[in-house]
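Here the chain labels run A, B, C and D in written order, and each chain numbers its own residues starting at 1.
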Amino acid sequence: MRRVIVGVMGPGAGATPENLTAAYDLGKAIAQAGWVLLTGGRAAGVMAAASQGAKAAGGLTVGILPGKDHQGLADSIDIAICTDLGNGRNNVNVLSADVVVAVGLGLGTVSEIALALKNNKPVILWQPTPTAQTFFEELAPGQFSVVTNIPEAIAQITALIHNPT
Amino acid sequence: MRRVIVGVMGPGAGATPENLTAAYDLGKAIAQAGWVLLTGGRAAGVMAAASQGAKAAGGLTVGILPGKDHQGLADSIDIAICTDLGNGRNNVNVLSADVVVAVGLGLGTVSEIALALKNNKPVILWQPTPTAQTFFEELAPGQFSVVTNIPEAIAQITALIHNPT
Amino acid sequence: MRRVIVGVMGPGAGATPENLTAAYDLGKAIAQAGWVLLTGGRAAGVMAAASQGAKAAGGLTVGILPGKDHQGLADSIDIAICTDLGNGRNNVNVLSADVVVAVGLGLGTVSEIALALKNNKPVILWQPTPTAQTFFEELAPGQFSVVTNIPEAIAQITALIHNPT
Amino acid sequence: MRRVIVGVMGPGAGATPENLTAAYDLGKAIAQAGWVLLTGGRAAGVMAAASQGAKAAGGLTVGILPGKDHQGLADSIDIAICTDLGNGRNNVNVLSADVVVAVGLGLGTVSEIALALKNNKPVILWQPTPTAQTFFEELAPGQFSVVTNIPEAIAQITALIHNPT
């Protein structure tokens, strides 16, 4: 029986301390809710923090790597998928997640949000900047949610899983 | 000897009349400059208009299709590449272009701009909205140019080809 | 901490009853050994039988789907990865497995064996036909093993995991 | 108007002198017939020889590269497509060709023949070994042709283009 997968996307090297804290807490809460966590798999930024949080709560973590082997894999990943797709793996990330949560905003994250919205995936933006929120509202009005704390995020994910778009 | 490829990206169904006119004129000017035009290949919006313009000037056109066959191919494409990658083909679009020009802004276009910038490809935005320009300036300051007319676009492409980032 | 993944590849619609029995038994033994089972994820042939076997032994199953959603997913898959790569996902299958075991031989399986060998992945052929064995021996001498029963398969996988090529 | 594309696949480093001669002559004859030549694009083996032959006859050559940039590109390629798909680009090679001709047999070539047959693409094997011919006949009876000289190859390609499978 297929398990629900929640994807957490965000910057690698460019993640802020606030991004890392949010990603860790979110990964932990996702695991506590019984969902599988999916990230881009690398030992950097939001990916690494979210999967560390999920492991701290005994969750299961999946990492979708850009390379053809396990180079650069985060320690906290249980299931590593080696795609050899480079940044093309961003499309696999969003298609494999039941809900996509973006924490912070790097260029890869922007591509993931855009691909998720284009594929009609439920998207949640964690504390977006005003510019980012306006940008995506002009592009995809009503197609994503904004959350500002962990309970709100979990409630929103729960709602989206039970009423997928 | 490899030929220079200029990619023109933009909305399909959601293209405005202004987008279509700009894409046609740009495709024509790209062909007149002796460059190969690359698009997403489908018979829709900016892709179709740009390749029609290029053919009107006797240029060579390449279309990178999302599907596994030629379904939906624009008539004005000479060389059709069937990727079976879905939206994952957006990464192939930008990697194969020496310069990426975005005319209009759909969700697919956003993913292409983001992937192009992430891969350090030269990117040109045609008449971006203030929101879009601010959004990308915050994300990737100094990594893209803005143009507002065809001569400016061709001058900018010429400069970028001779001095790639 | 990354878990070991064993990939079982084989025909979908064209699987023989012998293929299905072998795949089921192999999936079960892989789960009993504590490894994660990876297949092409579809509800057909060797993929479905192997994951059913693994679930019968309480194992964890990963399915790498060719499509962009869960259409055609086998019931016995826990973690579904949606690639939207079509048959291009065969490369992801073999790159993500620590060892690739081929049970039966469809055209997709042949592509997977060839891609696995090209990527220097350990490959095990289950009861290959004489023609298939000769074919791959001429192409990649000494790069794969042949097994004829479950204990032999598990012993071989164990050896390959501890001494990867 | 889309042009007909003939794909020539074969070993890179492992190509024999006979493979190289055949690939060069085939590339030349394909160009003389007015078809576009498509290869894997690298400066090695059958890929390089076929595109050199096509350029000697003034043809147009397309190379589908495994990497994200032009590293390793053959000099004789006009249109370089950068996929960043690694060996996953083999599926793009066969899907983009109207007919696939295999000259020699490396592991990559085997994956391409298998993926082409799986996608119901017309496949032609140039002077296959008895083992290879038997192997593919058992797998895909009646789905491919065997040729032994250039005129036969061109006649067969012509027939397949006019009566695609």
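Everything below uses one rule, namely that a contact is a pair of C-beta atoms (placed from the backbone, for glycine too) under 8 Å apart; a residue touches a chain by one contact, two chains touch by 3 or more.
Please read these numbers as outputs of a predicted model, since none were measured by experiment.
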Subject >> If a chain touches chain A and chain C alike, it appears here >> reply: B, D
**OP:** With centres defined as the mean of C-alpha atoms, identify the chain lying farthest from chain D.
**Re:** A
**OP:** Sort out for me whether B-D or B-C is joined by the greater number of C-beta contact pairs.
**Re:** B-D
Subject >> Inter-chain centre distance, chain B versus chain C - centres from mean C-alpha coordinates, in Å >> reply: 40
Subject >> Approximate Å spacing (C-alpha centroids) for the pair chain B, chain D >> reply: 29
Original post:
Which residue numbers or ranges of chain A touch two or more of the other chains?
Top reply: 68, 84-88, 91-92, 119
**OP:** Enumerate the contact residues on chain C facing chain D in the complex.
**Re:** 85-88, 90-92, 105-108, 110-111, 114-115, 117-119, 129, 131-132, 134-135, 138-140
Original post:
Which of the residues in chain D end up touching chain B in this complex?
Top reply: 1-3, 5, 36, 60, 62, 64, 68-70, 73, 75, 77-85, 91-92, 95-96, 119
Original post:
What residues of chain C sit close enough to touch chain B in their complex?
Top reply: 68, 84-88
